[in-house]
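Note that the chains take the letters A, B, C and D in the order they are written out, and that residue 1 is the start of every chain.
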Amino acid sequence: MGELKKVDFEYSQLNSERMRLNVGPQHPSTHGVLRLEVELDGEIVTEVVPHIGYLHRCFEKHCENMTYPQVIPYVDRMDYICSMNNELPYVMGVEKMLGIEVPEKVEYIRVIFSELNRIANHQIAIATFGLDAGAFTPFLYLFRDREFILTIFEKASGGRLLYNYFWVGGLAHDVHPTFKEDIRWIVKRVKETNKEIADLLLYNKIFIERTANVGILPADVAINYGCSGPVARGSGLPFDLRKDAPYSIYDRFDFNVVTGRGEVGTVGDCWDRNIVRFHEIEESCRIIEQALEQMPDEGDVREKLPKKIRPPQGEIYSKAENPKGELGFYIVSNGKDKPERVKGRGTSFVNLSVLPEISKGYLFADLIMILGSIDIVLGEVDR
Amino acid sequence: MIEQEIYNKLKEHFGDAIVELKEAPPSDPFIQVNPERLQDICLYLRDEGDMLFDYLSNLSGMDLAENLGVVYHLYSMKYKHTIVLKVTVSKENPNVPSVERIWRTADWHEREAYDLFGVIFEGHHNLIRILNPYDWEGYPLRKDYKTPEEYHGIKVPY
Amino acid sequence: MGLLNKLDDPYYGGGIILGTLEDVLNWGRSKSDWYLQFGLACCAIEFMAVNASHFDFMRFGCIPRTSPRQADFMIVSGTVTMKMAERIKTLYEQMAEPRYVISMGSCANCGGPYWEHGYHVLKGVDRVIPVDVYVPGCPPRPEALEEGMIKLQKMINEQAIFNKRKRLREAEEKEKSVSDVVLSQN
Amino acid sequence: MGQHIITLYDWLAKLSNSDLIAVIVVAVLPLIFLVVYALVAILGELKISAFIQERLGPMRTGPWGIIQPVAEVVKLLQKEDITPEPANKTLFNLAPFLMFTAAYAGFAVIPFSSHFVPAGINLGLFYIFAIGSLAVIGIVMGGWASNNKYSLLGALRSVSQIVSYEIPAAIVILTVVVLANSMNLQVINEKQSGWFWNWFVFGGPGSAWKILVIPFTVVMMLLYLVASLAETNRTPFDIPEGESELVAGYHTEYSGMKFAMFFFAEYANMFIVAALVTILFFGGWNSPFGSFMSGPFWGVFWFIIKSFFFVFVQIWLRWTLPRLRVDQLMGVSWKFMVPIAFVCFFAVGIWVMFM
């Protein structure tokens, strides 16, 4: 044995190599074709760079080349999970520019379908969030229920996913005769499944461990990043355009704005963002029930309009509360039958931009959960 | 607070930098602003006690034939009022000060406006293309844009 | 399968042993199809619905795999953009033979509603990878995708494994002679 | 052991007058069993998941889809076998064989019946534990040699997970050894003969005073079940191949038959774990009702029924629970399971000392 070698190092000298990992565009939990460039120190995320645009379908270019009613199908394809909600701000904007009011019955049907689609969207959001956590079974339970909602949409509009149902000045068709019974039945069904999901997934100990105190988004950061919808409300910010800037007939209904309260962790963590969606399903059910009671049975579903819709010169920013947050359309008209410019303010686009901010310092597995809790749809991010 | 009051207050503070207020219902009223002092104006709008426009709803580029425009839709979480700012720059020299430091959400919005219209935001920390590939040529949403024949050996037109 | 090919030669095409073997191999390929789990756009939501309880894609023996190495076929569900085209190609190349492609929805077939002004949309995924089955619709109903799956299984069941080149050549010649006859008749 | 049991091996050797035939038969029987079991388990996984999720599962391959796994094997056999260019080819190709060999070697000491155990060695428990650890090396080899970041992350997670969960598992096994006073799996089985209250999960054979030790043995059984779930990388501990994070974990780059080997190894490990739970705590091949339906052939029946029940439990858990995060996983092992296992060890030790 030789003499003992003196070992002289400090902890700070033990450098480890950082690893750059490409997550996506094909990855099971990027919810589409998002690509994240992640820098990992061991398993700890030190930097996230989102690369988007893998689904850039030139929505705004198409709008400039289509007439006003022809834009609606493209609007559908922006956020393809909740098409009805997408159509609403667009047609409201065009109607406002034209200066027309739609019949009472149309407003009610629009609200009912928007809220129904909100339920369907939140069900997908909770389902895929559970899937990210590894719970496959709740995913299928929620999809089972969503299928019944889609059946109602199909009866009304003929489409399962993309509807083209809200038209400028009214609706494409009147609703089917059994509309009210169908919706009452589905509302009951949704409430039952909600209970099941709460037991199976949301209050599961492992699920709480995974999501509580992860990806905390403070309210002021949420405002500065322009977050809206459940992402902002999860941070305790009661920002809901249905209450703050009432459009359509939302001021006639009694419902609560659900905010995150930090029930199991900190206000603004992943669990809060998810539970806001869960409770919003219940609030939507309340709105639908009230709307069904108030809705007039008789009435026209189409306002008389000229064959070619030519809004006067001007511009408008029409916004509505999408399930994912504030969806706005900035429509510029030049007096012709095709819009000069339509800019869609993609909710997911803005919400996703907060991801690098809130995912630093968490584990790689948490990054997936944070991304799932933001609930993005790439069609809207990339348009 | 209605638009006229906001306009008066801005005019009082910034003088010539505020060009005009346009109101023509049913269109949204907007305030035309000079690009030079945009950052100061935005900071003032965000922090002034009775305005508090802390939420940038939307930022969109515009192609106005000869010029390029940038439109800002602001919203106040506290007072729940809105205002629209508009900036116009020439196509030859499309420089607009970046408001990324004021509202972080403007980061991606500005990158998008750069990507699609070619508006250059001065002071933006990372002004690269966001939707189109990084080696894409041209600014697709300009009215005179022509679809390329080929991209990386793949035929683009139908 | 050099040895098998040699064996097969005298009993070309329908040798009893190898014909049956071919049937068995094709049966295995067609009944157990693992698909690559990825979605592109709107069609991916319908695709998820196909996986779910109502339509249950697993009835056909289709099990999702997340790694392209273990997948047998992929479903291009949605709009393919220029940025994505090269990734799709890479994914296809990473898959192990035998591999198949289902193009789901109008966008993947031909560009769909984005065919005219979509400067960034690939007008049909068959410009970058070979496609076996096209499913039309925007988005296709789940039933349509299931029909496409049955079509794919039928196609796999009828494909040649042994003497592939020879049989392909013969089929080509046969087609050519038929077209010649048609031409001469005209 | 007192009396000499005539095993299948002895019987065959006597019948054929050749050791070689007996050795081959005894070695091949577990392999056949393994293959048949894996097919049944894969079908079970598909069908049970379908049942839980209100679906039908595979329906088009044979009646009710019961030969679906056969079709899968036929397909996997003819898939292209890809070795990625940047991979370390030797290790990459060796890893699945090592995994499968380790799983298959574990079957050597599993007592299927009182008269049939492929190799009745005295240190059976020790052997099975040592062989089980070999799987770690297979995983690391596969994950590292793939030259894929996801594979590497999956392999590293897997190693840390398996190594940490081996400690509570080992302590629990040690406790059973203390109770049974032997490491021979056959002897452990013999000790639990009689009615089901003689099983070790109910404290083993003894007087009514064993009610004092039953809480500890039940906790030990649960501990072992959880630890073994982690060792076989099943949900809620499937983070090494958690498909929502690491595409497919350490076998991301494997295709065709090599992937099938990983697949088989996973199912084989599930069975070994289930078999060990059965042997250590639920009486192995013993009938639960004393001498009713007991004997060498009924032994096989009881053993397989009990083991399949625990395989079913693993599948059931997989389709019910979300998965844990990697640091929480370690926390569960080191903060809860190891201390509880030690407490149980001491309690059982004291009980054995005084009774």
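By definition in this document, a contact is a pair of C-beta atoms (placed from the backbone, for glycine too) under 8 Å apart; a residue touches a chain by one contact, two chains touch by 3 or more.
These numbers were taken from a predicted model, which means no experiment stands behind them.
S.K.: Measuring between mean CA coordinates, which chain is farthest from chain B?
M.R.: The chain lying farthest from chain B is D.
S.K.: Where the CA atoms of chain B average out and where those of chain C average out, how many Å apart are those spots?
M.R.: Result: the chain centres lie 47 Å from each other.
S.K.: Find the geometric centre of each of chain A and chain D from their Cα atoms only, then give the gap between the two centres in Å, rounded to an integer.
M.R.: The computed centroid separation for chain A versus chain D comes out at 44 Å.
S.K.: Go ahead and note the Å separation of the Cα centroids belonging to chain B and chain D.
M.R.: Result: the chain centres lie 63 Å from each other.
S.K.: Measuring from the mean C-alpha position of chain A to the mean C-alpha position of chain B, what distance in angstrom results?
M.R.: Distance between chain centres, rounded to whole Å: 25 Å.
S.K.: On chain A, where are the residues touching two or more other chains?
M.R.: 27-28, 53, 56, 58, 61, 140-141, 144, in rising order.
S.K.: Specify, in ascending order, the residues of chain C that touch 2 or more different other chains.
M.R.: Expected reply: 53, 66, 83, 116-117, 119-120.
S.K.: If a residue has to touch 2 or more other chains to count, which residues of chain D qualify?
M.R.: In chain D, 53-55, 243, 247 touch at least two other chains.
S.K.: Per the touch rule above, enumerate the chain pairs that touch, sorted by label.
M.R.: Applying the touch rule to all chain pairs gives A-B, A-C, A-D, B-C, C-D.
S.K.: Using the touch definition up top, name the residues of chain C that touch chain D in the complex.
M.R.: Interface residues on the chain C side: 24-25, 27-29, 31-32, 53, 56, 58-61, 63, 65-67, 69-70, 72, 96-98.
S.K.: Tell me, which parts of chain A touch chain C in their complex?
M.R.: Answer in residue numbers: 25-28, 32-33, 53-58, 61-62, 65, 73-74, 77, 80-81, 124, 139-141, 143-144, 146-147, 150, 160-162, 378-379.
S.K.: Within their complex, state which residues of chain C touch chain A.
M.R.: It is residues 36-42, 44-46, 48-49, 52-54, 66, 68, 78-79, 81, 83-84, 87, 91, 113-114, 116-121, 138-139, 141 of chain C that touch chain A.
S.K.: In their complex, what parts of chain B are in touch with chain C?
M.R.: 131-133, 140, 145, 147-148, 151-152, 154-158
S.K.: Taking the touch rule as given, give the residues of chain D at its contact with chain A in the complex, in rising order.
M.R.: 49, 52-55, 149-150, 153, 157, 235-236, 238-239, 242-245, 247, 319-328
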